[in-house]
Each structure stands twice: as structure tokens, then as C-alpha cells.
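Worksheet for the structure shown next.
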Amino acid sequence: MLRIGMLTSGGDCQALNAAMRGVVKGLFSERDDVEIYGFQEGYKGLIYSNFKMLTSRDFSGILTVGGTILGTSRQPFKLMRVPDENGLDKVEAMKHTYHKLNLNCLVVLGGNGTHKTANMLREEGLNVITLPKTIDNDLWGTDMTFGFQSAVDIATDTIDRIHTTATSHSRVFIVEVMGHKVGWVTLHAGIAGGADIILLPEIPYDINTIVKAIERRKKAGKLFTIIAVAEGAISKSDAKLSKKELKEKQAKKNYPSVAYELAEKIQKKSNQEVRITVPGHTQRGGSPCPYDRVLATRLGAAAANLILQEKYGYMVAIKNGEITKVPLKEVAGKLKFVDPKSDIIREARMTGISFGNE
Amino acid sequence: MLRIGMLTSGGDCQALNAAMRGVVKGLFSERDDVEIYGFQEGYKGLIYSNFKMLTSRDFSGILTVGGTILGTSRQPFKLMRVPDENGLDKVEAMKHTYHKLNLNCLVVLGGNGTHKTANMLREEGLNVITLPKTIDNDLWGTDMTFGFQSAVDIATDTIDRIHTTATSHSRVFIVEVMGHKVGWVTLHAGIAGGADIILLPEIPYDINTIVKAIERRKKAGKLFTIIAVAEGAISKSDAKLSKKELKEKQAKKNYPSVAYELAEKIQKKSNQEVRITVPGHTQRGGSPCPYDRVLATRLGAAAANLILQEKYGYMVAIKNGEITKVPLKEVAGKLKFVDPKSDIIREARMTGISFGNE
Amino acid sequence: MLRIGMLTSGGDCQALNAAMRGVVKGLFSERDDVEIYGFQEGYKGLIYSNFKMLTSRDFSGILTVGGTILGTSRQPFKLMRVPDENGLDKVEAMKHTYHKLNLNCLVVLGGNGTHKTANMLREEGLNVITLPKTIDNDLWGTDMTFGFQSAVDIATDTIDRIHTTATSHSRVFIVEVMGHKVGWVTLHAGIAGGADIILLPEIPYDINTIVKAIERRKKAGKLFTIIAVAEGAISKSDAKLSKKELKEKQAKKNYPSVAYELAEKIQKKSNQEVRITVPGHTQRGGSPCPYDRVLATRLGAAAANLILQEKYGYMVAIKNGEITKVPLKEVAGKLKFVDPKSDIIREARMTGISFGNE
Amino acid sequence: MLRIGMLTSGGDCQALNAAMRGVVKGLFSERDDVEIYGFQEGYKGLIYSNFKMLTSRDFSGILTVGGTILGTSRQPFKLMRVPDENGLDKVEAMKHTYHKLNLNCLVVLGGNGTHKTANMLREEGLNVITLPKTIDNDLWGTDMTFGFQSAVDIATDTIDRIHTTATSHSRVFIVEVMGHKVGWVTLHAGIAGGADIILLPEIPYDINTIVKAIERRKKAGKLFTIIAVAEGAISKSDAKLSKKELKEKQAKKNYPSVAYELAEKIQKKSNQEVRITVPGHTQRGGSPCPYDRVLATRLGAAAANLILQEKYGYMVAIKNGEITKVPLKEVAGKLKFVDPKSDIIREARMTGISFGNE
């Protein structure tokens, strides 16, 4: 008997269900004696032993369905060793659930924080296989995470729609795209949507450069400007502050989000009308795009393959178009940033995009 | 020779180009000697005699294109008789342009404010034909305006996407839908997207009723709640304030928009996490939906028909599925509200939707 | 106790689930003691007493889901009184099931054929309420059926995509749209997609007129022509044949469908390359569009209302924007055709569309 | 002065305009003195010196527009040295145009056949840079061609829609996907759409295997089967025929396309109803997906870069996520097939997909 625990952790994204379907179909393609324990709401389900027994039938028809049939929650890594309100050590609780159910392997779908906890569980002796899930595409060790392309599609659609209304009105439009620490979604959606200015956490901006870019467009007869800004975009001066100083500064201003801060700055420095659009959580909702479905299905099948071969302690990944595996210990805690000097940035600049920094 | 002036005024929306294409194709289907004067950026182009001569070719291929090829701007009705910075009376200026160009008719596409000005021009002796354009569907005299169904589609898509992420997380999600004075888009998108609570300007809400509805869902095992709220939704107590009092109250709080106000209230009264999505101007962007293309094309052809018959002073409209015409003087200044006692509200309630008022 | 049988019959379409959800939510909004008997695969389930007991929970989350959770099948009206292979009279069998289960009412969702059988069941003394489901929008007694607008959206999307490839290549493109007897989908999708020629069952075509229209476009510098043709479009000469003669003629030629026949004719009469696209069953697939969701939800709630008031023998309908009811006996067996002399046809002609007949 | 000729050749696809925009914006980002000669309808325009002078403004706003603003046509490589009706040698004519206009470089966007001609022009001494355009993704030397992902998206959407109608009816549905020689689009759309059987030109099928797969599903209670078949899918027995024998056999049967042949075979061997959907040219139509827009923009900028550096005789390509260049002589005439033994095929099998061969 093969006993597999499965959970999805962190913010949800598209193709979580597709990936789990791949794992389960892959396991049943070779074995009949598989039991799937679906832990509810991420690590919480593992901590409190809250699970459902699932059959292959539960994973039929979910390839195209957004969200996760297991539910998810955020369980910060740094609180994992902090006892809960009843004094329960969460890591010990997870180990206890795992051993009590006599699991052969725990399959974890998640992003950066999730992988830190998964690696800790591996260090504690559990058999763990992970799948790289995040719209942010910021996981080290894989060229691509599922959820990313779907998020890019939605953010691009937002910019596309803003484009038509922008051509009717002479204004500055700010579209705030998801990404607190990394700018992959903003970069790709910005290029795909034909944004004029793209602001990323990795490339601190200068408000004067932005205003100049807007004015240069106006002089060229282009009456509107579209700015794609990542949630975590930051000005050059703010980037120099310490974490504490920055927090204090932000607390004073209390903008709902970066787009509102940026809009205020632009309006102060120019006399342009500014409009804000925040697609927000729609970027992680709805049916996964075909690209993500194929990627997630492949990664799922590859994860099944590792389990069938009893190779544990890996994240399945895609590198150079091939599905592969990466040791969990190498992945945990590392982020993949946009390199300001990379080719894609240079190519984007060649098509007239300003990154607000020079 | 038939000399036709044309302009689009107010906020843009989908199918403006489709409607203008319908007018122009309709005119050229019967006459070869048509001159089209396209005024730039709404009434502004008429005031300052800023126009382009357009041929039928300019209207080819724009059926599916969002925005307006003429550009648009907001020119408040109440400022029309207020001289500009050079002392120019705008109404006189518009009449002057009209007569100078020896126009046979002015075709105006716009919403409520636009129609007030159009009617004033009619009263000043100009031949005017208007087309009912607005995502708000709040124009009196027509069952439907073009732009509305496209906006509903986009707002619904937003709610759909939020739905999948909502099923993964236990939260309250607020989707803010366009509509300051009327709630048509919110009502239709809310029903179509399966929102649990719909808040409209026409039905003032009680925050306690909302919180109770959220808790009732929780007790029934439904861990998330989706609220579709119109920009102009208002609480029962605020609805009792005078305009001045309300303004003062809002100035104090200074919420970016109604969704932020609502979120704060809900978080205070319950311990639910709340997430906000504001699709904003995307609701008026992008290619018109097929419904709007057919409606706009038909209205455009009907407008051409009126011009060819020299029947002026009308808005073309759709009533009971038939394209018809309504005297401008009857339309100007009247809004079409959602009736809280109408069948659609009752039917929506029967499917479990709360309007936050009882 | 309220015992309700429910079935979906004929070809499936979008919003069947949305409509059933409306009925069930509507019933439970007033009563707790409701039992829903879901008959499987249309009338077949009623004949052979094949059903599932459903709870309100089964209808949760299906607002946006295409297809029908009950399954469907075609059970031709004219075979209803023809005994099956075991000598079973189907009508008597349906009555038997109905009475055996002690049903209060049978809710039937279907199109034209389905309504004939539903009316027969009414004549046999059963309490029946029907909902107008069909992409064809050909049901007499209602301005609109659910499924129609969704089908128009998909057919229009097909024409839109063909448009971009058409502008790259100089060819004639034929898009075959669903509709054997009536042309509503083709007419609306044709106008919305900017088709140059629209061929409907209701307006027999002359191949020479079509070829002339293509050549007229060529002379005007428009190198491509897009033809939207309904499955049941027919030439003037074929329209004069008797049913038997037509069948014999078609048997000889054996075209896969009307588009192939038309392509051959055009290629013979002109030296144009012709390309065929047949979206086929995609037109009845996928998530319903927001328009259909609202319509189906409203009709469902209205059906629930009739049941709660014990008013039977009606089809719920929409007329002039209001949800209403029509006696089943008036609906059964009547089709709603496109009137060749209607306003919409005249308006379409004004925008340059040829109907291939003059 | 930099004089650049540009043409798009072969079947059109999404992101051709996006790619040309990338090239032109890239050139103007470094130089002001650029002249763009846009040859009309592919090599035809170069042969007969039919071109338009284009400015950077012509390439503004076309990022999202399907088709090609230059038009395209198929000019078979094997006819390039065959004189036209006036005795004109086409290759010499192209060289003549090139030299007459004193071009610095010819930028060619096309697929496999196009690259053979481009390489011949290079051999004749012309400076040529090419971009890999094709929905088929069958160009050797690049991991990805633009157009592919957009085509996959559309084919997947077709399968998605068929899925909902399939769950309502018990039938076999065949979706015919573009690809005469290679099966990349069918493979990816098949996996993404959750097809049960995928038939590719690279993996000849056995009809008995297909029928068995259908019956196995039936026994497992899955009443429908969806088959994604590439246009060029072939049976094992036909794959053994000589080209001549195959042609003769096909001429006898004269199926409109492979889906019709397959449907007949399945209906003969089982008593299943079969339905056919042929999305056809829609697969190359409409706005490019964001993935293709980013890829095309990057490739365009990279092509500009090569021109600015006077490095000619290359196809720009993407390999392992990096934009790179490949010598034209290595690319010309080589196809990239799906390897029946590759990981993706094995992963697809693990999720239950049958390739009809074993």
C-alpha cells in the first residue's frame, strides 16, 4: 500500500488542481494500492490532522478548475516552531500526523515560504516531494512555476482594456500588478500589454525620470501613458532606507497600495490626470491557461514518477524545457529575481519601454 | 451634399466605434455625397472647431475596436454657459462651428450629461440626433444602452475569478463595480457572478445586515462571502444626511473608494479577513461584446435612417426589442434607476442574494 | 412535502445548470420540505424511472458550469407513442413514473421538440412547468431563450478570428453557424462579427448574387469576403423542391455540411480560394455568458414561483424585458423565425451586409 | 541611411505584427535614419517590387493585432526557380528588387518553406535576417516559434467547450487540430484540454487500439471520449504505403479531412455516435496571447540588434529561455518533430492519455 499525503499551501494560484491531478493519475497509472490523504487548508491540516481520504475520482474533471480542492492557508515559516495557543509545537504535530498515518510520502504544492517548511520537514526525516506553485515565478531552481503564465494573461488583459480607454482620454493610467518582492509578472504583462513604463522591485525608480518619460510621450503626440507597476516597486530614495525607516515612513502616509502613492507623486510633479486600476486577486483566479495546465500536468506526473521510484527530498522543476528534479535543500529560502542587466530588460528598453531609472 | 458632424462625449465605453460605423455605413448605403466632420474629444472639438474630415474608409474595420476614434472628454453641462478662459461662451461657439461648416446634422454619442447639452443645442436650433452610450444603462427612454452588457461581462469575469480564489481561502471578498448613481452593472454582474451580497445606490444598506449575512453563510459551512458593491452604494444612515453633511463626513474619512470604507466596517464588526478588488476602468475597455456590437450597429443604422429622412431632435433607442426613437426633450436630464421593488430584485432574493437592507 | 421532478432534454446548451439552480434555490427560499428528483438523460430518465435524489447542495456552484448535471438525450416527439423494444408505451411509462413518485410537478428544460412532449404530458394530466432552453432562440412565446447569447458569442469569436487571417490572405472564408431551421444565431453573429454575406434558412440565396457580392468587394479593393452561413441555409431553387426531391438531391451529393456545398459552388463560379470553418458543437459548450446566466436565473426563480403558487401548465418566458408565463398549449409546436422583412434585416443591409438574395 | 526590406510569408499567424513592431522599434531606438520597405503579400511583393514605405508610426498600436499588416502569400520554394507566366525568374527578380532599392538587409518572417527561400537568397548574396513564425512550432533551431502558444490556446478552448457538451451526451467527440506534418499543437492542446486520445503524425495509430480505449472508458463509467487529432495523423497501415499509393487511396475516399475518415472508422467498429469539430483557421487568428507577444517582441528586438551590428545570415531564436541566433544555412529545410519517446509523451501517458498505438 502506498500512502500519500498531499497539501497546498500559501496563496492559491491557477493549476494547483491540474498539478494534483497529474500526481494522482500518475500514481494510479502504475499502482492500484494508493491511498491519498488530502490535508485541508495547507500545513494547518497536517498540524491538526484534518484530512479527507480522496480517490482518483476526486481528481477527475479538475484539470481546468481554478483554486484548490484542498483549500489553503498561510502558515508563516517563522511561526512553525512557535507553539500554538494550546502549547502545541507545530513541527512536532506535523511529524506526528505523518507517522500516525504511516505515510510513505508528503506531496507539497507551494511557493517560497512553503518550501522552507517542506525542507524543514525533510530535515526532520519525512519523505517530501514538492511542486513549484506561485504566480510570482520567483522560486529558485526552476525556470517556471505554474500559475505565472495565467497571472500574466490576466494582468495583460487588464492593460489591454486600459489601452482602449486610454486612447480615448488623455491621461496617465497606472495598473498595479501582483509582486511584492519580484517583478516577473509585471515585466511580462508590461511587455505583452505594451506598457510605456514598467516599475519593478528590482529596479528602483526616480519619480523625475517617470515624469520626463510621460512628457516625452506628450511631445511626441502620444497623449496617454500606461504604467505597469509591481506591488513592491520602490523609489531610489526609499530603497536606501533601512527596513525600519521605510516602515515608519509608509505608516505615516498609509497609502492603500503603491499605485496610490505613485499617482500622488505624478500628480504633484505634472498636471496630468491619473487613473488607477488594481486587478488584485483576480490575477490568481479562474481557470489556468493551457501553458500552465501542460506544465502542471507534466510536473505532477514527474512527481508521481519520483514517488514510484522512492526518490524523496526533491522539488520537481522545469529547466531548459525538460522536466527535472532539484534537491529541496538547494531550493529552500532562495528567490529568483529579475536581473536589471538581463537580455529581456535590454530588449524591452529597445522597444521604447522605460524602467523609470535612467 | 449631406454634411454630418459627429462627436463622442463623456467617459468612453465599448461599441462607440461600432455605433459610428453603423451611422456612416447607413448614410453611404443611400447617398454618395456625404461629408463626415469628426469633432475631436467630444464637445471640446465642436467648441474650438477641432475636427477631421473622415471618409467611409475610416469607419471600416472598427466594429470590434474599443474606445473611440474621435477621442472624448467630459464637458460638464453646468459649465456650458460659463465662459472659458478667453471669455468664449461655449454654446455660442458650438453654434458658430455648426453654422460655419454648414452642417445638416450633428450626431452625438453620449450618456446623461451629454444628452442635456445635446438637447440644449437642439433648443438653440441645431439639428441633432443622439445615440445612447453608457456602461451604466441609466439613460431614460431606452431599455438598453450600448456599453452596458460589455461592462457586465468584465465585472462578471472579475467576480468569477475571485470565486475560485475565494473557495481556496476563507475570506470576505469585495468587488467594486462601476456605477455612482445607479446599480445596473452591479446588479447584473452580481447575479451573473453568483455574488452573495449586492449593494446598490438605490438600496441603502445596513452594515449589521451585511455582517449577519456573512455569519449565516459561515454557519451553513460556506466559508467565504463575495460582495458586489456599486461605487455609489451608501449606508442607510448616510442616505439620510444632506448632501453637504455627507460630503463633510466623507472628507474626514477619505477612503480611496467605497470598497475600502465597507472593508473597514466589516472588519470592525466581524473578525473576517477582507480582500478588495477594483476592476475600475477595465470595465469600459476592450472590444465590445457581440450583444453591444449588434445593438450599436442597429442604433447607428437607425440614426442614419432618421438623418436620411431629415427627422431631427431624437435619441435612437431600443424598446421591447424594437429600435425606435424618443424626442430628445423627453430624455434630457432623466435617469433610469433600479427599482428596489422590481421583479429582478425579487428573483435575485429568491436565489439567496442579500441586498444588505433587511 | 413538495416533490419536484426535473429533466433537461434535447441538445444541451449553456445555462441549463444556472436555470436549474434558480429553480431549486427559489423553491428552498420559501420551503424546507422540497424533494428534487433529477431524471437522467432527459425524458429517458422519466420513461425508465432512472433518477437521482438531489439536495440544494447539488445545485451550489453550478451557475457558471456548462452542460447539464442531469445529462440529456434526444427523444423525438413522434416516437413517444411508438412502443420501445419491450413493447413499453413511453407516455404511459412517464405517467407511471410521475404518479409512482407522487410528484407535485415536473420541471422540463428544453427546446421545441421537448415542449411538444411536455404539452402532451400536460394533456395527460401531469403538472408541468417548462423553461425555454435552446441556442437557436426559435421558441415561440418568449423573446429570448437561454443559450442563445452564449452561442452568438462563440460564433462571433470564430468570425473575429477568421477576420484577422482573412486580412492577411485574399480569400473567401465560410463560417458555418448552428441553425437548421432558423437563422437567429447566424444573423446576430454575422452582424456582430462584421460578416459581409449572411445566409439564413429563412432567406433562400442565389449563388450568382453571392458571387456578385464577392466581386463587388474585390473591385472596391477588399480582397477577402466572409460568409456566415446557417446550417440550414438553402438556395432559391432548392427551396422550391419538395421535401422528397430535396432529400434525393442531397443524397447524391453527400456534402458533409452546407459550407462544403457552398464552397464548391463559389469555386466553380469564381476563381477564388475558399476556406471553411465549422465551430460545430463548441457553440453549445463552455460556461454561459453573463447575459444567459442572468436570464436563466430569473427564469428559474420565476418557475419556482409558479410551483409555489401551484400554477402549472406554463412555460416561463421573457417578453419586453419582463419575466412572464405562457400557456404550454400555445407554445407547443410553434417556431419563431427570422422575418426577412424585419427591421434588423433592413438595418443589417444598411451596413452593407448582403443576404444573398437580391 | 539604413534601408530595411521586410516581408511576412506563408500562412499567417498571431504575433507577426508584434514581431515586426519589435524590429522597427528596436532599429529606431538606436538610429533615426531608417527606411522600412514593406513588401506586400510575402515574397510576391519582393518579386514584383510591390512595397509600401513605412514609418515607425505604422508599427504603433499593432502589438495586439492579429494577422499581418503586410499581407502574406504562399510562394512554394520548389517553384522559385520556375519562371512565371512572363518568363521571369523569381529569384533573379527578388535580387533585382533588393539591389535596385539598395537595401541593407531583408527581414523575413516565416516558417519552414519561407526559410528555405530565405537561405537561398542568402546564398545569392543578400543580407537576410529571419524570425521563426509558425503555429506549428516545427522549425528546427529554436525551442519555440511565435504563433504556437496562441494556436494551442484556441485549440484548447475548443476542447474545453466540447468537454461540457460531452459530459451531457454519451458520444465520441473528435477535435481536428492544425498540423499536417508535426503534432506539437495537438499534443499540447490535447494535454491542456484533457483529451482522452491524442493522435499525431509522428505516432501512427491503430484503429483497434482507439476503439479499445473508448470501450475501456465506457466500462469505467465514462460515457464520452474526446479525441484530439492532428490534420496529418495517419494509421499504421497507411504509414507503410508509398507516397503514391497513399495519394491514390486518399483520392478514392475523398474525405474532407482526417476527422471525417476517423469518424467513419470508429462508427464502423463500435456503435458510438461520433461528432466532429474543426476549428480550422481560427487557430491562426485573433490577437496573440501574452506569451507570444513577449516572445515576438524579444525576437524582434534581437533581430534589430543583429542588423545594427551588421550580422546577417541568421535566424533569431530562443533556446533555454535565452534569445540567440542560428545560422540560416543550418535551419533551412529541417523540421522539428515530436519524439514518440520523449518525456512529455511519457508524462502524458501517465495521466491516462492514449496515443492510439499500443
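Couple of notes before you dig in:
Here the chain labels run A, B, C and D in written order, and each chain numbers its own residues starting at 1.
Definition applied: a residue touches a chain if its C-beta (ideal position, glycine included) is under 8 Å from a C-beta of that chain, and two chains touch if they have at least 3 such contacts.
Given the structure is predicted, the values throughout are model-derived calculations rather than measurements.
Each step here moves to a touching chain, and the least such steps from chain A to chain C number 2.
When you average the Cα atoms of each chain and compare centres, the chain farthest from chain A turns out to be C.
Computed from the mean C-alpha positions, the centre of chain A lies at a distance of 31 Å from the centre of chain D. A separation of 35 Å divides the Cα centre of chain A from that of chain B.
Residue numbers of chain A whose C-beta contacts span two or more other chains: 160, 163, 287. Taken as a graph of touching chains, this assembly is arranged as a ring, one closed cycle with exactly two partners per chain.
Pairs of chains meeting the touch criterion: A-B, A-D, B-C, C-D.
Touching chain A in their complex are the following residues of chain B: 8, 11-12, 16, 41, 65-68, 71-73, 154, 157-158, 160-170, 173, 256, 260, 275-282, 284-287.
Those residues of chain A that touch chain D in the shared complex are 21-22, 25-26, 29-30, 63-64, 143, 149, 152-153, 156, 160, 163, 188-189, 191-194, 287, 289-291, 293-294, 297-298, 300-302, 304-305, 320-323, 343-344, 346-352.
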